[in-house]
Structure formats: structure tokens, C-alpha cells
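One chain, chain A, links the two complexes that follow: it is found with chain B in the first and with chain C in the second.
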Partner chain A sequence: MSDVFNLSLIYATIRSATPILFAALCATITQQADILNIGTEGIMLTSAFVAVLTSFMTGSWLIAILIAVLSGIVMALIMAVANIRYNAHIAAIGIAINMFALAITKFGLKQFLGTSGTFTSPDIAAIPRIHIAAFDNIPVLNEVFNNWCVTEVFGIIMVVVLWFLLFRTVWGLRVRCVGRLPMAAETAGIKVRALKYQVMIISGILGGLAGAHLSLGYSQMFADNITNGRGFLGVAAMNFGGMNPFLVWAGTLLFGFIDSVGSRLQSYGLPSQFVLMLPYVFTITVLAVAMWRKSRKEIKAKSAL
Partner chain B sequence: MAVKKMNRYVTLLLTLLLSLAVGFVFMLILGYQPLDAYLQLFRGAFIGSVNLGTTLQKFVPILLTGIGFAVAAKVGCFNAGIEGELYLGAMAAALTGHYIKGLPAPLHLLICFLAAIIVGALWAAIPALLKVKWGVNEIAVCILAGYVAKYITSYLCNGPFSAGSGVPQTPQVEEGVILPYIMEPSQANAGIFIAVLAVAAVIWLIYRSTIGYKFTTVGLNPYHADYMGINSKKVIVQGMMLSGALGGIAGAIEVLGTYGYFLDNFSLNIANDGMLSSMIVWNDIRLVPVMSFFIAALKAGALSMERFAGVPRSIVDTITAIFVVFATMETLFTIKKKRKAKSGKGGKKE
Partner chain C sequence: MKKRLLAVLMGCVMVIGLAGCGGGTSTGTETETSADTETAADAETSGDPIKVALVYSGFLGDKSFNDLAHDGAMRAKEDFGIEVQELESGEAADWEANFVAMADAGYDLVIGVSTQFQDIMEKHCPNYPDTKFALIDGVSDAGDNVVSTLFAQNEGSFLTGAAAAMFTTHTEIEGVNEEKIIGWVGGMDIPVLHDYFVGFEQGAKYIDPDIQILQSFAGNFTDALKGKELATAQINQGADVIANVANITGIGAMEAASELGVYAIGVDTNQDSLYPGHIITSMQKKVDNCTYQIIESVVNGTFEGGTSTYFNLANEGVDVTDFSVIKEALGDQFPQEIVDKVAELREQIINGEIVVDYYEGYGDPANQ
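After this line comes the complex of A and B, so read on.
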């Protein structure tokens, strides 16, 4: 089993966890304000396409990320306006946004890049990797910490930033207050609608990063439905982590771990479909267990009264 | 929901016009001929028996999955996993259709459908049970379970039940259970009659039976239902299972009617279109057939639009999605009306 469980598994875990991490943070920030962001998948997919398109056209990964983030914000704002201004059911508009993203990226691929299905090109500028020359001769450090993608590091920074924002600032307190009981928040003088818009914009930024990382960092290509449920896995990780950025991160690392172990087991004759299925089955199980424990807690709390 | 009954149809029409207009402008900006594109779309959907047949063939699964989604919505669930139930139902029908031999054709056909219904219903019961037992969000579970179902069927038709032809598909089902084509050379088949029957039964069930009354009560307010002595948890599970069963039937018809075998990844998000058609009409079960026919026509016409007007066919999906985005906004037109009313008053005063 040494070629399944070895040092390189650590980086493999980080690698497959990061796209889900951004998506999970995108869902976390909105859930704190009691908005279930099913549209994470759609935000991510659109920005993944926009990132590849801009990167291909301009040759700059930084501009690509910026434009991708912008497109993420646009998608998030469509959801926000529909939900906050026009009373759309949040799950309905989320599903609608996902379908819109699926269709518009397919259309864009044909219209602007002239292919359908998959687009790869050497002209796509990828997000660079951080090479630390000093680690080259130290086997352990080299294998674990060298050649990380810039966004992979940035993802971990975002966990801390988001945690600080939510739990150590007045703004974060207000967001959580809106999430708990919007009416009370309003009575206390918090502008609930404005806050919800702000939260959605931040979620758009994070979703945009998720997409850009997926198509420029994790891989250097765009394919129809490249996200393949990663947005939903992010939503699940958010549920698993109970909206706390650090626990959410732990959840995504678990998915990443399962995913990388699964793909390594493929060489032991595990059918590829089971490998692909693994993260989803695992997520459902984890979700069920997490909610089971929560409901047990609630029952106990009630009986204590 | 908040939209008034009379208003509904007007709102629907306005939404439709708005999304067609958005599509029009969109195409104009990109340098296509929108009018020509819409014309070709219409021709490709209705003119000629091939085109009309294709529309009908696409209509059946969209109708069934749409009704399935609407039924789940009736009990307050978002069954976003009908695609998975469709795949598993299709696989169940394909396997029972091939491996059971020597039965009289009608009985065999019944068994195929029953297998599909049971598998679909049980699969939908998983998220429902998790929801009512521990409050797990059913949307997330449904979507994730959909992926699992897809991979399970992919494994089955690649591995143990492969036809061995190199193509990932199961062996051909027995001659007796194949639903005949009704509009050759298109793929429209006798499944449409089964679908219409099933939908009629569901509409009767929802609007004319005690079960339907329970569904509606639970969907409106589960606490109220519990107070009245209706076991809301049980009803939610029943509703989801009915929804899953409809997905299973859709899959069975695709296999027994359209293909004759299970083909890996055949559906390509049919259930999404069903979901769309239900969401556009605010999950009103009686309006779903109309909307699913409309969407089926769009889908069927898209191909000839691409061929003759040169517009990529994914634009149709885009316009449909825009349609849904607008349709989910409950108060999109109500607010505009209020403003008009206000300005009208202002005018009188002057």
C-alpha cells in the first residue's frame, strides 16, 4: 500500500481539495446570512469559462482571475437581485443559475472559441506555481511544500480571512445576526438587504476564484460542465463544517483525501466509476452523520429542560 | 404562492415574451438573424412528421420528470435528483427487459415498468428519509445522489451487464417489451400513451384524492398538517417516492421505446429540462404538460436552427434558462404593475 499512502498524498489531497474549498467558502459566507447558495456550481462554472477565455485572449493569468471574479460577481448579483428584490425562492433561482451557467458556457465555447466539448491550448496562461529552490534538496519539504499553485496558498489564506471577517469584525457579527433572525437585526438598525447584497458579492468573488482556480490552476483547460458537482460538494462541505471556515476547510480536505486515495486505488483494479462515485457517496454519508449528531444534540437539549 | 390565479397566465406570457426578447437582442448583438433563427426553430419543431415526431419523443421524458419534480414540490421538497432516478429506472427496465424470458409480452412489460418504478421510488426515498429523520438538506443529497446513480449505471453497463460490443450499453431487450415507433422515421414511440396515462393518474391523485389533499396540506404547512393528524413525515416520503417513480417511468420509456437498450450517459440532463418546465410554471402540475411540450419543441427545433440559421443550438438552452431565471422571480411583474398604478393615480390628480 506504500504507493497509495505516501508523502505525495498530502499534496494530492490539497490539490483536489482546493477547488472545493473555494466553492465551500462561497457557500459558507452566504449561509451565514441564511442564504442557501445552490448557485455555487453555476458561479464557478461561468467563471471557469471566463478565466480560460480571458487567459487565452490576453495571455495573462492575473487579468484572467480578475475578469473571472467579476463574472462571478455578476452571477451572484443576478441571484441576489432575483432573491432579495423579486422574491425568488433561493433554491429555485440557484438551480436556474446553474442551468443558465451550463448553457451559456456551452454557447460561449462554441461562439468564442469555436469548439464544443473541450478546449485546451498552449496559449492558456496557467496560474504559476511557487517554486522554492531552498527546498529542492530536502526530500520531505520538497515533496510536500514545493510547487504549490499560487491559488492553493491563497485558498488557505482565504480561510483565515473569512474566519476573521465573520467572527472578529462588527460586519461579521451583523451578518451572523441577519442569518439568525433578520427581523431582530432590522430592529437593531442593521440594513438587512444591503448586507445580503454585500454577502452575495463576496460569495461571487469566492465563486469566481473557485472557477478560475479550477480551469487555470487545477487544470489548464475548459470542458463542458468542468465543475462536475464540485460546487455542490462545496455546499455539502459547508453543511459539514457548520459554516465555520476552519471546519469547512477540514471537510474539503477530507473530500480531497478520499478523492486522491480513490484515484490511486484505481491501479489496484477498482473500477473507475466507483472512484468517481466515492466523493459523492462519502459526502452524503458525512452529511447524514453530521445532521444525525446535530438532531441528537437538540433532542438532548430539549429533554434537559 | 403569492401570484394570483388570473395573473398567472398573463405573467407567464410576459415572462416568455421577455426571455424571447432577451434572446433576440442577444443574437442581434452577436450578429445573427434572430427572426430567421426563431422561424427555423419553429419549423424544426413542428413542420414535417420527423420534426413533430422528434418533438413528441423529447416531450415524453420532459413531461414525466417535470411532473415528478412538481409532485415533490407539492410536499415541499426540491427533488433535484430526478436525473438519477431516471437513470436507475432505465437500467432496471433494460435489465428486466433482457434477462426475464418466456413471459407473455403484456406481463413482461408490466414487470419492466414495475421494476423501474420501484427502483426510482426507493432511490428518491433516501433523500426524503434523511430529510424527515435528521433534517438533512434534500437538495444537496438529491444532487449528489444523482451523480452516484449515474456512475452506478455506468459501471453496470460497462462491467457486469455489458452487451460486449465495445459500446457501453446493455444487451437489447426482448422483442415483446419494445414500445413501437408511432411516427417513423422519428423516434416517437408508444411510450407517449403510457406517459399521458401516468400523468392523468397523477393529476387525479393530486387534485381528486385524499392522498393529494394530504400532499397539498403538508406542502403548505407541515406543522399544521401534523396538528390535524396527518403524519407529515410519512407524506413527505410518499411524495418523494411518487416523484422518483415518475422519474423511473421516464427512464423505462426511454429504454423500451427510444433505444431498446441502456446506453451509458444517454440522458444528457433530460431531467433538468423537466425541472425547468416545472419551475417555470411554479410547479403547477396542470400547467407542466404545456410547458414541457414547449420546451420539447424548443429542444427539437434547436437542431434545425443550428443547421439552417447557423446559430449554435446551445442558445436555446440559454434562452430557456433565462426564461426560468425570470420565472422564478415571483414579483417581477407585480411590482411593475404597482408602479404603473401609482403613476396612473398621479396622472389623475394632475
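After this line comes the complex of A and C, so read on.
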């Protein structure tokens, strides 16, 4: 078992949790304003493609991230306009965005990169990894903290930033107020629509980062539907964490942990079907627990009145 | 008014999105109609070109199995002036629909490009007695309008397994560790992949009975990141050579090997140059030749339903690459003994001195 539970598992957990973390934060910020962002998957997929394309063309990962974030914002704004301005149901527009992303990236792959299925190239500038030379000779620190991808560190910073924004600023208070009771917020003079647009833009930024990290940090390639449900896992983690960035992060770490342990267990002859089932069993359990907690909270809140 | 306009627009977006997902089906019908209108004109002048449909259980661009079938079909298109239609889909639910759509559309030859079409063909082929069918990578006894082709992936994998087992002992090569552990990443847990693995394991154990092989399945052929994760886990557990049999998922596995400075083995196509210097060799499955030959047989009128062809080392239906890319990258460090030994084993398999095990339902149909 020492080959399954060892020090490298810690970093493996972070590595597989980070793409889900960005997605979960992308869903968290909108959920606080009562917008269920199932378009996370589509935002992520589009920006993953845009990131690879820009990185390949310009050779700069920084420009690639910026353009990916921009594309994330565009996708989020499409949803925002449809939902906020024209009252389209958020679930419908979310599904539409996901399908659109699948198609547009497939098209873009053929049109701009002249290939289909997958695109890999040594010319794709990857997001650099942070190598701390001082850790080289300290076994534990080296194994756990060295060679993190820049976006992996940034993801953790974003957790704190988002928490601060939501729970320690006036703006955050207003967002949460809009999420709880939009009518009351409007009566209090809060511009609900403007706030919802702002929230969607931030969600686009986070979704864009999620995509860029997936195709330039976690790997250096683009493949059709490279997200493969990671955006939806993010939405599940957001539910698990009850919209609190720290709990959401904990949720994604759990997902990452299960995934990493699963990957390692398979090599030890556990049936693949069983191991591959684990993340889904876990997702259902997590959602059930989240629902149960929510309903208990509501009962408590009601009994206080 | 504006709202109604938007609703219509949204409807369009959804429909386009759905069409994109269904992939082939819509394109299928399109060609069908255009072909119908042409038929009348064509029939008078030059006669119909032979129409061939390829149905994939995945997508093109896998730089592997599907792309090979595509190459073969394109070569046939150039040589024989046939009409080719290709339907791709990653969704199991679409495979049957796509296949039936093509059979319905009156194609002369419908090819199911993957063992996944075996059951589908058994169910539907008898309903279309005038259409010719071919199954690549599986045996179908669906009727006398169906040909099957089978590959001896176990024989090819025997050689790559042996190569991996030898490579992992050469600790003087950068990235190769002391431990005699090699990894194997598969796509879906389906019989044909076990046929690969049986050969790979036997080949590795033939060289070194004590070798440890880590085996993982990703559960799909399309999630490159999952492949990368599985390969990384195996590398963390001491594997320094990772063989993949996983199409797009496998590209992720090979990326992991190249990123972490270890080595990988390609599959189906010659993947040696995908991550130069990190791919030792590739187990080639000549799906392109096979597809070409099937189409050729229809063009020449030699198509013989109810038969199956076995592609193995002896008739060069499977093979390993010549190690040239890794040789160039490693220079003098590359152990020549691997190439020599693999060539020797190859001869021994061909002349029957070594009998490679196969998974249930595979192996040469002539011997069963």
C-alpha cells in the first residue's frame, strides 16, 4: 500500500483537483447570485481551445491566458444577456452553451489548426512550473511543494480572494443579497441586473482560467471535449461546499484525492470498473449530503421564526 | 417582438448544437439527398461510383486506429474514384443509429471500424441482404454479406512487451530506474484490449519472469487527461516504460511519459515521432491496408461474404516500428540488443517457435 498512499499523493491530489477547483469557483460566484451556471463546462472547453491556439500562435503563455480569459468572458456574457436581459432559462442556455462549445472547438481545431481530434505541438508554450532550488535537497518539501504549476498556486489564491470578495466586502454582501432575495435587494436600491452581469463576468474569468489551466498547465494539448465533465464536477463541488469558497475547495480536493487514489489502486489489480465508478459514487454521496445539510438548515431557520 | 426573435435564435442555436453532437447522422442524410439527385443524372452518363461508408466508434484525429482506417479509405478513393462517407461519434448510443442510417441510405459497402460494431452488425446486417458489410477488428458471423477482419495484436504486443522489459533494465539511460516495473494504460475494458495485454504480458515475462506490469483502464478512448493521470500514477509507482492502447486517451499517457522524462510505447499507427526521444517503438496495426483491401475487393468484385481475414506478423498485418526515432535521440546509449532481440523474436513467432497466447475470442480463426 505504500505505493498508493505516499507523499507524491499530496501533489497528485492538488494536480487533479485544480481544474475542478477553477470550475467550482466559476460556478460558486454565480450561484451566490442565484444563477446556476451549468455552462461552466462550455466556458472551460472554449477557453481551453483558445488558450492552446493563442499559445501556439504567439508562443506566450501569458497572452494565451489573457485571451482565454477574454473568450471565457464572451461565453459568460452570452449566457448573461440571454438570461438576465431576455429571461431565458439558465439551464437551457447553459446546455446550449455547452453544445455550442463542443461544436465551435471542433470547428476551430479543423479551421485554424488543420487537424481534428487532438492537437499537440512542441510550439505550445506551457504555463511554467515553479521550481524552488532550495527545496531540492529536502526530500519532503521537494516531493510535495516543488514544481507546482503557476496556475495551481493561483487557484488557491483565488479561493481566498473569492472568499474575501464575497464575505468581507460590501459588493459581496450585495451579491449574496441578490442571490437570497432579489426583490428585497432591488427595494434597497441595489442594481440587481448590473450586479448579475458583474458576477457573470467574474465567472467568465474563472472559467477562462479553468480552461487555460487544463490545456496549458495540466497538459499541453487540446483534444475534442478535453473537459470531459470536469465543469460539471465543479458544479457538484460547488453544491458540496454550499457556495463557500473554502468548503468548495475542500470538495474539489476530495474529488482530486479519490481520483488519484483510484488511478493508483488500478495498478494493483482492483477491477477497473469498480475504481472508475468511485468518483461518481462519491459525487452522488456528496450531493445527497449537501441536500440533507441544506434541508436541515432550512428547517432550523424556519423554527427560529 | 425582440423576445420572440431571441427565442427563435436560441432555438436555432440548440438545433445546431444538437446536430453537432449527433455528428454524422445529419451529414449522412445530407449526402444521401445530394446523392439521390445525382443518381438520376449519373445513371445516364457514367454509372454510379461505388459508395462506401465508414462508421467510427470515436473520432478521427486519434492519430491511431480511426485515422488509419480513414487513410486507407482515402487511398482507395484516389485509386478507384469511389465515394466515401464517414460518420464519427463518441457516444455509444449513436453508433447503432449511424450504422443503420448508412445501411438504409443505400451504400454499397458499410464498414464498421471497430470491434464495438460486432453486436450492432449481427442485429442489423441480415436486414440488408443487398448491402455489403465489413467489420474491422472483430469476427462477425452475421451472414454471407459480411466480411470480418481480425488482427493478431497479441503478436505485435508480444514484441513491444519484450522491448519494454529489456528497456527497463538499462538503468544507464536517463529516466530509467532500478525497479523492473513497466506500465500499460488501456482505454475501455473490452476484450480486444485484453488481447493486446495478454501478448504484452507474455512478451515481457518471456524476457524477465520477475517483471511487474501495472495495468490501468481509463474507461474511455477520448479523455486524454485521464490517460495522463493514470500514466502519471504508474510512473509515480516506479514504472519507466508506459505502453498505451487508448487512442486519444493514450496521447495523454504518452505526454505524461515525455513530461516526466520516462518512456512510452505507441499503438496502432507509428506514434514514434509524437514525442520524439520518449517513444521507444509503436505496435502497428495496419488498419489502413486492411480497409484498402476490403474496398478493393468490392471494386474488383472479389468480395466474398462470410469470410474472415487474419492479419498477423507473418503477413505484416501487425508489426513494430524500427526504433529509428529513439535510436537517433539516444544515440550510442540506445541498446542495440533490443532491436536484435525483437527481430529474433519476430522470426520465432512467424515460424511458430513461439506461440503467443490470445484472449478468448481472438487468435487465428482458422485454428479454432
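In this text, the second predicted complex is superposed on the first by the 286 of 305 C-alpha atoms of A that agree within 3 Å, B and C clash if a C-alpha of one lies under 4 Å from a C-alpha of the other, contacts with A are read in each partner's own complex, and residues count from 1 in each chain.
Simple rule for what comes next: contacts are C-beta pairs under 8 Å (C-beta built on N, C-alpha and C of every residue); 3 or more make two chains touch, one makes a residue touch a chain.
This structure is a prediction, so every number in the text was calculated from the model and none was measured.
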{"item": "Fit-or-clash call for chain B and chain C when the two complexes are aligned on chain A", "value": "clash"}
{"item": "First (chain B), second (chain C), both or neither touched by A:L276", "value": "both"}
{"item": "Partner chain(s) touched by A:I226 [first = chain B, second = chain C, both, neither]", "value": "second"}
{"item": "First, second, both or neither for A:Y86, with chain B first and chain C second", "value": "both"}
{"item": "Chain B versus chain C as contact partner of A:T58, first or second or both or neither", "value": "neither"}
{"item": "Which of chain B and chain C A:L214 touches, first, second, both or neither", "value": "second"}
{"item": "Which superposed partner A:S267 touches (first chain B, second chain C, both, neither)", "value": "second"}
{"item": "First, second, both or neither for A:T285, with chain B first and chain C second", "value": "neither"}
{"item": "A:F100 touches, of chain B and chain C: first, second, both or neither?", "value": "both"}
{"item": "Region of chain C that runs into chain B when the structures are aligned on their shared chain, from 74-82, 92-100, 272-280 or 308-316", "value": "92-100"}
{"item": "Common interface positions of chain A, toward chain B and toward chain C", "value": "82, 86-88, 92-93, 95-96, 99-100, 102-103, 106, 228, 273, 276"}
{"item": "Interfacial residue positions of chain C with respect to chain A in the complex", "value": "2-3, 6, 10, 13-14, 16-18, 20-21, 59-63, 66-67, 90, 183, 189, 214-220, 222-226, 228-230, 232-234, 236-238, 248, 251-252, 255, 259, 274"}
{"item": "Of chain A, residues touching chain B in the complex", "value": "36, 38, 78, 82, 86-89, 91-93, 95-97, 99-100, 102-104, 106-107, 110-111, 228-229, 232-233, 235-236, 239, 271, 273-274, 276-277, 280-281, 283-284, 287-288, 291-292, 294-295"}
{"item": "Residues on chain B engaged by chain A in the complex (per definition of touch)", "value": "2, 30, 78, 80, 130, 133-137, 139-141, 143-145, 147-148, 151-152, 154-155, 158-159, 269, 272, 275-276, 279, 312, 314-315, 317-318, 320-322, 324-325, 327-332, 335"}
{"item": "Touch list for chain A against partner chain C, complex", "value": "3, 6, 8, 12, 15-16, 19, 82, 86-88, 92-93, 95-96, 98-100, 102-103, 106, 109, 115-118, 120, 214, 218-221, 223-226, 228, 230, 259-260, 263-264, 266-269, 272-273, 276"}
